[in-house]
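Letters A, B and C mark the chains as written, and numbering starts fresh at 1 in each.
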Amino acid sequence: MKHARNPAADMAIWTAAIAVLGFLLLPLVIVLLYAFDASSVQVWPIRALSLRWFSATWADEEVRSALLISLEVAGLATLLATVLGTLAALGMNGLSTRSMQAGSFLLTLPIALPGVLTGIAMNSFFTLLDIPFTFITLVIAHTTFCMVIIFNNVMARLRRLPPSLREAAQDMGATPWRGFVTVTLPLLAGSVMSGMLLAFALSFDEVIVSTFTAGSETTLPLWIFGAIRLGQHMPEVNVVVFAVIAITILPIIAGQKLAANASREH
Amino acid sequence: MGPNVLMWNTKDITTAPTSWSIIYDKAYAGVITVPDNPIQIADAALYLSHTKPELGITDPYELTQPQMDAVVTLLKEQRALVKKYWALASDEVDLFKSGDAHVGAAWPYQANTLRAAGVPVQDIIPSEGATGWADSWMISTHAQHPNCAYLWINHVMTPKVQAQQALSFGETPANTKACAEMDALQPGSCKQYHADASPAYFSSIKFWKTPVRQCGNGQNTCLDYSAWQRAWQQVKQ
Amino acid sequence: MTPGRKLLGHIALLVPPFGWLGIFYLGSLSVLLLSAFWQVDAMSGEIVRDWTWENFRILFSDTTYTVIARRTTGIALLVTVTDIILAWPLAWVIARKVGPRLKLTLLVLVALPLWSSMLARIYAWRLILGHDGVLNWGLRLVGLPDQNVAFTNIALWIVFSYLWLPFMLMPMVAALERIPASLLDAAGDQGATPWQVFRTVVFPLAIPGMAAGSVFTFAVTQGDYVAPMLVGGAGSEFIGNVVYSNVGVSGNVPFAAAFSLVLLAMVAAYMLLARRFGAFDAQ
């Protein structure tokens, strides 16, 4: 860097960045803090600390079954979305910019259009076809809006891959399929994985579309919504959030590492 | 069943109110909360039947268009004073707990919950009377085991279950025999929840009913519930 | 490979994902479009499948719905602008100012909220903004007067800006990372002031990132009903709340469908606009 640094401007940027980060993390800190609140009624500041809500939550059957359903829905939807999103990216790679933009636009719709719209549309669709609202409708809905996450990640990676790589493999006598499996796929693995983590997170926390497509299934966010609205299990909600973060912190770090590596390998 | 009561924080409002007028009073702008429900129109109609007798409101659930217009005008003025329309009991409990609301329309349940949490609130049926609700059990015509449903209903009608339910929610039991059970569980609760009240008490409460086009007087000039829903949306904006 | 076979290969790959989208998503949207022209029988509550403009007539003649649509769009735009402003310093620091280790830490911290219940975080704002909450507690500590922002549109604006900020940050970090350092150096060498470098080099190159982020901040705010329900006050109704209560409470799906089509039109218009600024030129 040859051009002169401006310490005052640097200072201002850093201060602003830290303030914004604080804004982003403050509510989370509060949620995590209240997991240790002894009282069942949340009042600031906390009067007494306790671990009793951890055992209460662990013993709560409803929480356990909601957690299980959420894991199943998010897992299945992520797998389906991974297959479909990767196929879409591979199929669109090499098409004209125009068709690529159109395809990307279409894939983005389910996540960019407001959840209430996607939710009520799918609700009317299944109702019209007399399909009952079950676990399956929930997975279909979640897959639909998770696809684009995988697609974006894989597409970004594909565009950075020099086409010469696969051509070289084919010049050396590899079939297109072999060239794909041995050259392209391993290079895509990182971006697929980080996309999967993001898709899983998205599905795991989705409320609005789920409300309209879940029928009598209760996912974890739907249980939380109920708990907040009835106002009777707030401490358990905080414990659940605490536990989810504690369990997922490692996958998040792994995911960010994968994404960072993927973007560095130009 | 139970009334829709007037509840206030006794620390913030030291002179006990006796009239619903307090929730339409500009002096309390920003600290009022009322339910987010079209049936809230009936509460305003009940109030207007006392303050504006010239409107001729006899039953708060039977409103003609001119009467509805007057109610909507009152409620739109009230909107500027309302902190939040509460959709669920927990919303109102939070509002009083955090000090964001000082007075509002409530169920006895919220008053009980707040007192248990140490928030100083008081609730009354104001001089104009109150609207009220009576919940009932229904059996679906598609029920696969109607006999089981009947057994269940018999079970929830027993004095003991009625007493437990009444104490848990802060409501009046339908079975008057629950009185003794209630006092056994929590002394004085029979009287507190009006389980022993006279017929005069119940007639002071205008229980919820679905508004229909037929007015009580045989005319078809009243507004039905879908009109009430539209009016409520206009009030809330 | 012949061009014909190559095309066939593309089609074979594209059929499953776009078949899925076509059936489940476009199919759903078509049903939504249709049902907006149906009605609900006032007596029986059954849906009457006769073609009518009645729902749209009510929507456009009753000022209630115009007010709600205007409020929804206004707050969505405000949130988008706020998030762009808030994202700049942090995105710049993450993209260009820190080493790989600190960068990873910061990215994890930004992603962390996305992994923890959105609902619980919205609820936390009640504890922050409430009359006896964290904010006023802090203000009293330093001797400042209480603020009454809980359950107002200001609270809604703060909470929405908070909720969608990571979605603005991510694409902006990606866009800023891609600016070659040599370009900045070259501009500096030619005697450009930092402000000129920002205006003529950095900002234009960050536009696709901001556009991509804004699609989310704008659209997601426009369609939400959860935050207005939890932290909004009297006069915080969003289009989503009307849709939600018409489906849930009144059982009037056709009217909800009609209002959500208005929503669809507004968001689609915004997406087309954002496309012109490169929002969909996948990184």
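Keep in mind that, in the parts below, a contact is a pair of C-beta atoms (placed from the backbone, for glycine too) under 8 Å apart; a residue touches a chain by one contact, two chains touch by 3 or more.
The structure displayed is predicted, hence computed values, not measured ones.
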item: Chain ID, smallest distance between chain and overall C-alpha centroids; value: C
item: Chain separated most widely from chain A, comparing mean CA positions; value: B
item: Between B-C and A-B, the pair joined by more C-beta contacts; value: B-C
item: Whole-Å gap between the CA centroids of chain A and chain C; value: 15
item: Length of the line joining the C-alpha centres of chain A and chain B, rounded to whole Å; value: 42
item: Euclidean distance of C-alpha centroids - chain B vs chain C, Å; value: 38
item: Contacts with two or more other chains, residues of chain A listed in rising order; value: 43, 228
item: Residues of chain B touching at least two other chains; value: 87, 94
item: Interface hub residues of chain C, defined as touching at least two other chains; value: 127, 130, 132-133
item: Chain B residues within the chain A interface of the complex; value: 87-91, 93-94, 97, 117
item: In the complex, chain C residues that touch chain A; value: 1, 9-14, 16-18, 20-21, 24-25, 27-29, 31-32, 35, 86-90, 92-94, 97, 100, 103-104, 106-121, 123-125, 127-128, 130, 132-134, 137, 162, 165-166, 174, 177, 181, 184-185, 188-189, 194, 215-216, 219-220, 222-226, 230, 239-240, 243-244, 247, 253, 256-257, 260, 263-264, 267-268, 271, 275, 280-283
item: Of chain C, residues touching chain B in the complex; value: 42, 58, 62, 64, 67-68, 126-127, 130-133, 148, 150-151, 229, 232-235, 237, 242, 249-250, 252
item: Touch list for chain A against partner chain C, complex; value: 1-4, 6, 9, 13-14, 16-17, 20-21, 23-28, 30-31, 34, 42-45, 83-85, 87-88, 90-92, 94-95, 100-101, 103-118, 120-125, 128, 140-141, 143-144, 147, 151-152, 155-156, 159, 176, 201-202, 204-205, 207-208, 212, 220-221, 224-225, 228, 234, 237-238, 240-241, 244-245, 248-249, 252-253, 255-257, 259-260, 263
item: Chain A - residues contacting chain B, complex; value: 41, 43, 228-232
